[in-house]
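Order of writing sets the labels: A, B, C and D. Residues in every chain begin at 1.
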Amino acid sequence: MKFNRLKAEVFRANRDLVRHGLVTLTWGNVSGIDRRLRCMAVKPSGVEYADLAPSNMVLLDLDGARVEGDLNPSSDTKTQLMLYKEFPEIGGVVHTHSLHATAWAQARLPLPCLGTTHADYFHGPVPCTEVITDAQIALDYEEQTGVQITTAFKRIDYREMPAVLVASHGPFTWGESPAAAVYHAFILELVARMNAISLSVNPRIRGVKQTLLDKHFLRKHGKNAYYGQKK
Amino acid sequence: MKFNRLKAEVFRANRDLVRHGLVTLTWGNVSGIDRRLRCMAVKPSGVEYADLAPSNMVLLDLDGARVEGDLNPSSDTKTQLMLYKEFPEIGGVVHTHSLHATAWAQARLPLPCLGTTHADYFHGPVPCTEVITDAQIALDYEEQTGVQITTAFKRIDYREMPAVLVASHGPFTWGESPAAAVYHAFILELVARMNAISLSVNPRIRGVKQTLLDKHFLRKHGKNAYYGQKK
Amino acid sequence: MKFNRLKAEVFRANRDLVRHGLVTLTWGNVSGIDRRLRCMAVKPSGVEYADLAPSNMVLLDLDGARVEGDLNPSSDTKTQLMLYKEFPEIGGVVHTHSLHATAWAQARLPLPCLGTTHADYFHGPVPCTEVITDAQIALDYEEQTGVQITTAFKRIDYREMPAVLVASHGPFTWGESPAAAVYHAFILELVARMNAISLSVNPRIRGVKQTLLDKHFLRKHGKNAYYGQKK
Amino acid sequence: MKFNRLKAEVFRANRDLVRHGLVTLTWGNVSGIDRRLRCMAVKPSGVEYADLAPSNMVLLDLDGARVEGDLNPSSDTKTQLMLYKEFPEIGGVVHTHSLHATAWAQARLPLPCLGTTHADYFHGPVPCTEVITDAQIALDYEEQTGVQITTAFKRIDYREMPAVLVASHGPFTWGESPAAAVYHAFILELVARMNAISLSVNPRIRGVKQTLLDKHFLRKHGKNAYYGQKK
């Protein structure tokens, strides 16, 4: 009973991932955490999106042990657990193979900030991890994917950069809630698409200057934000 | 009461912006001016398009002071006010982050006139502004965006070129009415998409010659136009 | 009365042009000819597609004089009349600004035959005309567009190549009937899109060899065709 | 009666090919084999997809002789028969002209494995055949297309690589059943699209290393697979 709210929230976020066109087949998942209950809910592995319901979200404790149900959790669960541990203020994590963000991850390049659409949400280029080493693959592939990500964030504040491209694989995004993580996945895909077009039109284009980046990011985020309506 | 017509017109134009696929999330807005009433109506900032109605359009006088209602106007309002002041024959202004036009703005290149589709509506390459200076960002970002635009039009007639690309940001378009501004935003997006494909197929292609540009623009515009039905 | 069949056929073909996604706004038109009645039917100029009906198709004789009705015919009518005169076996002509075919026309390049999808319908590269001269623009723009096209076909059999790209403008296609001309416009757009992708993936790719081109074209066309069902 | 199950299965797979957006006009087909009954069912040649039904699937014996019905089988039938002979564990074959996979075939390049989306389904780069020789075209075009494919698989295990690009033509895919072959055609198209974007963003990108390729392919395939739910 006490987990129903979390399961419903994670279910809705998974369904919204489909609604936004970010999912093909079963490739993608959203998880959410309840830090007070020390519990994570995640999509079951390989289950069709049409068959999802709040009741078949998989519940795990923060060591990854199953709390409820019989289904296997998403194969990316260990990656997500590591992100919850290392990024203490996030409430939801998304992984997708969305077309353009994944194409950039395959290109093994950070996504440069080419304009204000990007600067409104991501405070700098979206980082791309190093390629996973053979030793990491042999050790524990999914957990080490989490290590790849947190290593890329040693000098980046995850609260101002809610996305990463895992080299040769695809994007992960996060946010204060599962819904916020989905929102960032949506914007990342859009910006990845827009930037590929800019680059095809002008292959010499480079990222915007820091002053413009700061102006737009801080117009929407932090204590001096002035975009939208007062809450 | 006397503003109802303007508010309805601006509401409809905002809704059409969505219908034409030119808006993602809340990124984009249309305003309109009633020059006799010395009043401007504009979309409220950050409000979902699904929640718009004629009644929540924000009314401002031409100094930007609110005439009616509680909502904040679009964050681009100062830019739009400056355009109404500098371009005395326009009745509506649109700003979007539409995919391809924004990609060209991010590429910081004017949109070349590569064919008759473009020449039918824009009498030359669509200009791209200079990148905004740090001093301008510090001074008043939104107002200075208006200055960027009007500076780019020193030697261009805004009546024959109803569009501009603001560098690293996105397109603004205008017209005799809010609906005409939306129409130009739609065509700009289409031409931006078409020209990116032409360029990918033939990277050495340059703009059409002046005689062909004039022929097509003047076939549809001005006193010798002969396209369509007599009105 | 005697023209009703032609008008209905041309109306349906115009409507199918929209259904195939080949038309934006009012840019595009289909005409048809009844060679026995020495009469051509064509879309009225600048009329919205939603407002078309068999009854408002414009009827012209083969000198371009109006036989019925008040509406102006498509601005491309003189081009179409010239094609009917020069290509005696065709029954329908289409002009569009469809996205990818127009992008190739803007690139001022013939569409190379890169594979069997193309070879099944077009017996070689789709030609691109020369850029129209200033003298031609001054003389009679629309008629001279017809001259541009027929000049490009001096050494090409229009029966095996039912399409052309008019440089800096867009495609024209034709066929035995208005419906066949629409069908070719649809395939041209598709091949133009596919070939742009091939070229982006391998910029050094060149057209297929003649033997493969002949095999596929002749598998579907002419007396030894064996594709499909016996009629 | 005894063939009804095979015909229904092949009909459904053909219909799903359309549902997945892999078919334009009549370009594409699925066949299936019942190895116990020594019988193959295939789409009739040139018939509109909307007119397909289980009852008009064409039944052939394994020498290509018609077992039931009057319609001509798909023009690719000889190619498919050769694949069933040479690849003894497959149950279905698909041929399409899907946009991006065909564009790569036209580029005459193998599809490189740039990421885990690809590695999950195809154990290496998807091979592209040699261009068919003039002698092969003269001999028996469709049968020799089968020879092109099987030649490309001399050193590749068809069970770990259920797809091929036929140079200047398009893709063929296969699987344990007609449905599995359609599934692979769908994924091939998606990966072809994604890889073209990666390449446009970073023209110097090369395929992933063998260890990552193995990790992902074997996570989903073979006796140590652990993705999804236990069956």
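Observations on the structure shown:
Just so it is clear, a residue touches a chain if its C-beta (ideal position, glycine included) is under 8 Å from a C-beta of that chain, and two chains touch if they have at least 3 such contacts.
These numbers come from a predicted model, not from an experiment.
Identification of common neighbours of subunit C and subunit D yields an empty set. The pairing of subunit A with subunit B is characterised as different-residue: of all residue numbers used at this interface, under half are used by both copies. Here the C-alpha atoms of subunit A line up with those of subunit D after a rotation of 90°, rounded in steps of 5. Seen from the C-alpha centroid of subunit A, the farthest chain centroid is that of C. We define each chain's centre as the mean of its Cα atoms; on that basis subunit B and subunit C are separated by 34 Å. The centroid of the Cα atoms in subunit B and the matching centroid in subunit D are 48 Å apart. Of all residues in subunit B, those touching 2 or more other chains are 199-200, listed in ascending order.
If touching chains are joined by edges, the resulting network of the protein chains shown is one closed cycle, each chain touching exactly two neighbours. Pairwise, the chains that touch each other are A-B, A-D, B-C, C-D.
In the complex of the two chains, the subunit C residues touching subunit D come out as 114-117, 187, 190, 193-195, 197-202, 205, 208-209, 211-212, 215, 219, 226-230. Residues of subunit C that touch subunit B in their complex: 24-25, 27, 44-47, 71-72, 75, 97, 99-100, 102-109, 131-132, 134, 137, 141, 168-170, 196, 199-200.
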